[in-house]
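Two complexes come next, and they have one chain in common, chain A, joined by chain B in the first and chain C in the second.
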Partner chain A sequence: MTVFLRSWQGAVALILCLAAFASLPLLAADAPAPFGTGTLLLIFLMIAGTALISFAGISPSLLSTILFVVAHLAAWLLLAGIAGNEGKATLAFFLMVTASWLIAWRCVAVLSGIHAKSAAGSTFLRLLIPAIFGAWILIIWEAITRGFGIPFILLPPPSAIGARLAGSVPILWADVQQTIFKAVLFGYVVGCASGFVVAILADRFAFLRRGLIPIGNMVSALPIIGVAPIMVMWFGFDWQSKAAVVIVMTFFPMLVNTVVGLTASGAMERDLMRSYASGYWQTLAKLRLPAAMPFIFNALKINSTLALIGAIVAEFFGTPIVGMGFRISTEIGRMNVDMVWAEIAVAALTGSVFYGVVALAERATTFWHPSNRGG
Partner chain B sequence: MQKERLLQHRILPVVTVLLVIIAIWYVAAYVMNSPFQRDLDRRGNVTSTAMEFFQKTMAQPKPVLPAPHQVVSNVFENTFLRSVSSNRSLVYHGWVTLSSTVAGFTMGTLLGILIAVGIVHVKALDRSLMPWIIASQTVPILAVAPMVIVVLGAVNITGLLPKALISTYLSFFPVAVGMVKGLRSPELIQLDLMRTYHASAGQTFWKLRVPASIPFLFTSMKVAIAASLVGAIVGELPTGAVAGIGSKLLAGAYYSQTIDIWAALIAGSVLAALLVTIVGIVGKIVDRSMGGRLA
Partner chain C sequence: MNNAPSSVVSARKLGLTFETGDGPVHALSNVDLTVNKGDFVSFIGPSGCGKTTFLRVIADLEKATSGEITVNGMTPEEARKSRSYGYVFQAPALYPWRTIEKNIALPLEIMGYSATDRKARIERTLDLVNLAGFGKKYPWQLSGGMQQRASIARALAFDADLLLMDEPFGALDEIVRDHLNEQLLKLWARTQKTICFVTHSIPEAVYLSTRIVVMSPRPGRVTDVIDSTLPKERPLEIRETPEFLEIAHRVREGLRAGHSYEE
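Let's look at the complex of A and B:
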């Protein structure tokens, strides 16, 4: 029992291997290019052998390396073998994909248990583990769409999306320029800045604060995205209307977070500033704004996603013939689903980069905060 | 004494700010509508006094910015005076949106809780899944919404479910993150106490972790239900403007029925406020029944 518990993924992978062996071949009998015997044998030996190795008590780093290489090599062989045989995969094929996925899971489990000694090592692990997870989402997606021969319109395989992405860089780049560099960035900067200024005003005048904060809190819960059609009507089809939507969407999170953040400094510290005879603005600049930084960055992070959503959705209500939202809505109409997915991949990538930049800036400016000091 | 303070410190400022907003709105409505009205008057050779002119800018059928009272009367008319089954009734459209919001919210909350339980108990999941959950929210999913609807429509899944799925995607995230925090909120000393009781993992989970996570759950559910309403509204945009608040927005945008757009916005806002309040009240009741004290 304890041996089994050491690597239940390995045990299940072995069972799956046996089941797959019993239900061979991997592809239906009428497949045009079946697996060669050598490849077949190699896949089975690799997975079964590694599953057995995962029970042995060898060092975690060696074990995880073996598991990593075998899981991905086997997956690559399996996916390569299905080229030209779309929709012909049998149960055995999916059992083998599952078995190699379990090997990868075992690899992640082993990696999670490793405590890296150097800082570089731990960063590497922190990136590698989620990367394996992401890779397997793509592998399983590819295996299912091509193995079952799912119609292209429904869900294209990642490889096709990647090819489309690489093939239409100029169009995608034009869309990014229109949507991100014009609408999103302008709206984000203006929206965040005005939210910040109003928050300072609200902080200066308590009456304004008491009136604005409940309203701001309520507005944050509202579907503000609905102003998109109105803004398109007011500011026309070009990027100005999208920037306006982004401004409205980013204003309130910034306002509410900044006002809350300005109350974050302790009474003791404020008393100290008083004893230094510092005025309102000095206290604000030297104590309260730095203390509010984590809250302000929280708003900046929330807004980075909201800004993208606002700009893209606003484009559904009318655009010039360029832009990410425009591309998505027209390519759906033309049933070019791979182009839509490519656009989504670009949007996801830009969103992540945007978020990452804000997060890095946060690290650089609020290095003193406990959540960033590590430990 | 207490009441007086409440009046002075809460209600008075809020009402003042609201009045200021409404005043600004009226002025803006006058400024934005007057060019068109002036044009209209010149063509019709009508000369009107300032007061008449002002009144006319407030009563255009398709104004650039409708005056507040126009929107209010439209909302009132379409909410209370129409039969509920009518296609113009806001109650009908609100109901359509509400049903998919609640369905998506329920699924999203369950999914979020499941993910959180997995993350808290399986270390490999914690290290591999958590970064992707955060990354999943940097994807502007609302942008994908139309595609999800069209794709699911192609396999004959239409109606409530596709919209609910978008709401699910938007609402699972706050719940998952909040619940991970909540399930991890018991302190080491409390976990140690459970160990001295020789409690099994299941007992620790049900008797310590779950009760500790309830306040976190309700806080994140408030965020989740607002998000899921947004999801439902955007999900309605590409369904060809059939029914729901989102389709009302789209139809208003197509036919320049500005008053209708604003009315739909108000309806959506009322719905959002209602839903968040309901979740808040349920949270308070649960908290009270679990022996929580007023902070």
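Let's look at the complex of A and C:
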């Protein structure tokens, strides 16, 4: 029992291997290019052997290396074997994919238990574990779409999306320039900056605070994306109208967060500034803005995703013939779903980088906040 | 006004009433008090006796509603604007995004001291509160006692010869407190500042002070002012001498007289 508990993934993988062996072959009888006997044997021996090794008490780093190599090699062999045989996979094929997935699971479980001694090692582990996770989402996606022969229009396999991505770099790059570098960045900077400035003004002048903030709350509850067609009417088809949508979308989160953040400093800290006869602007710069930084970064992070959504969706309402939203809406009409997915992948990547940069800046700026201290 | 040049704080018939939803609260009523230059005055009394409020009136953090008060011969507001006092709060109130050095530099930056002057003053005050070498640390990397010492250093960094301290050691344990009391006396002797010190500990008040102001609540008022007969040089052991115990006894009597047990 304890041996089983040491690696239940290995035990289940073994059972799956046996079940798969009983229900061979991996592909239906009419598959044009069935697996060679040698490949088949290699896959079975690798997975079953590694599943057995996972019970042995060898060092975690060696074990995780073996598990890593075998899981991904087996997955690669299985996926390579399905090429040209889409939709012909049998139960045995999926059992073997599941078995190699379990090996990878075991690998992640072993890796999670390792405490790296060096900083570089722990960074490597911190990146490797989610990378294996992400890779397996793609592998399972690929196995299911190809194995079941799911229609391309419904869900293309990641390999096809990847190929499309690699083959359309100039188009995608032009779209990124149009949408991200022009509409999103311009709109984000202007929207956040103006939200910030208005928040300071609202803080300085009570009538603005009393009048504007309730209206700001109301406006931010509106589906801002609905103004996109109006912005296109006002500012034309090019990126300026998309930037305008982004400005409108990012303005209020920044305004509301900054206004709240400016009240975040404690009464004692403000009394302290008063005892120094500190002026409004000095108190603002030295106490209230630093104390508001966690709130301001909250807005910056919310806005980084809002800006991307705003710019892409706004392009649905009319653009020149370039831009991520334009590409998505036209390619879906032409049934080029792989291009849509490629565009989505690019948007996800740029969105993550955008968010990541803001989050890094936050870590550097609000290192003092209890949530970031870490000792 | 007929202030003697040596009086730092002078209050006459001072009163402060807070208007609350449940009717007026008399935080201070008819307070007459003079604090002379170089004094170490402790304010002691139960919660709600107005000792902190009185300190805040001196600091112009609250406004008196009746009577007169002068600080350095000026109104409290003028005194605050001319930066004539340093205030130490119940909590250190250090800014977590600034290092200890930078925290001490805060009043100096606001008051426009030059960079070289700032550097010299930071070094001097860190030395004064025995925190030399900790300037580059962030407040949250230090213990509570060290943080409070840093906040005292911050109040000492600029040229104010009045130090207002509102239960600065109230949140610290007994041993740290004894140690800081001893250091505070040395610091007072070295800097020649006038100190107003709010506490609710009788031994602390007697050990530190040249004068002890006993206050009582509802309404907040002064019930007794005791001039200490202890010498200026005070080792911690002085707390076991008959003289010390006699003063402590008088303080306790004063507190008891002003305290009603109706509630």
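Some notes on this structure:
Simple rule for what comes next: the second predicted complex is superposed on the first by the 358 of 375 C-alpha atoms of A that agree within 3 Å, B and C clash if a C-alpha of one lies under 4 Å from a C-alpha of the other, contacts with A are read in each partner's own complex, and residues count from 1 in each chain.
The criterion applied here is as follows: a residue touches a chain if its C-beta (ideal position, glycine included) is under 8 Å from a C-beta of that chain, and two chains touch if they have at least 3 such contacts.
As the structure is a prediction and not an experimental result, all values here were calculated from the model.
In this superposed model built on chain A, chain B and chain C occupy separate space and fit side by side.
Touched residues of chain A, counted separately for chain B and chain C, are more numerous for B. Look at A:139: by the touch rule set out above, it reaches neither chain B nor chain C.
Contacts of A:53 after superposition: neither chain B nor chain C is touched. By the touch criterion defined above, A:277 reaches chain C but does not reach chain B. Of the two partner chains placed by the overlay, only chain C lies in contact with A:266; chain B stays clear of it. With both structures placed on the common chain, the touch criterion links A:287 to chain C but leaves chain B unconnected.
Look at A:78: by the touch rule set out above, it reaches neither chain B nor chain C.
After overlaying the two complexes on the shared chain, residue contacts for A:368 are found with chain C alone; chain B is out of touch.
Fitting both structures onto chain A leaves chain B and chain C with a minimum C-alpha separation of 8 Å.
If you check the complex, the residues on chain A that touch chain B are 105, 108-109, 111-113, 126, 129-130, 132-134, 137, 153-155, 207-212, 214-215, 218, 220-223, 225-227, 229-230, 232-234, 304-305, 308-309, 312-313, 316-318, 324-325, 328-329, 332, 337, 340, 344, 347-348, 351-352, 354-355. Across the interface of their complex, chain A is touched by residues 9-10, 13-18, 32, 64-65, 123-124, 126-132, 135, 137-144, 146-147, 150-151, 154-155, 222, 226, 229-230, 233-234, 237-238, 245, 249-250, 252-253, 256, 258, 261-262, 264-265, 268-269, 272-273, 276 of chain B.
Chain A makes touch with chain C in their complex at residues 266, 268-269, 271-278, 282, 286-287, 290, 293, 366-370, 373. Chain C makes touch with chain A in their complex at residues 59-61, 80-83, 85-87, 89-91, 93, 95-97, 106-107, 109-111, 138, 140.
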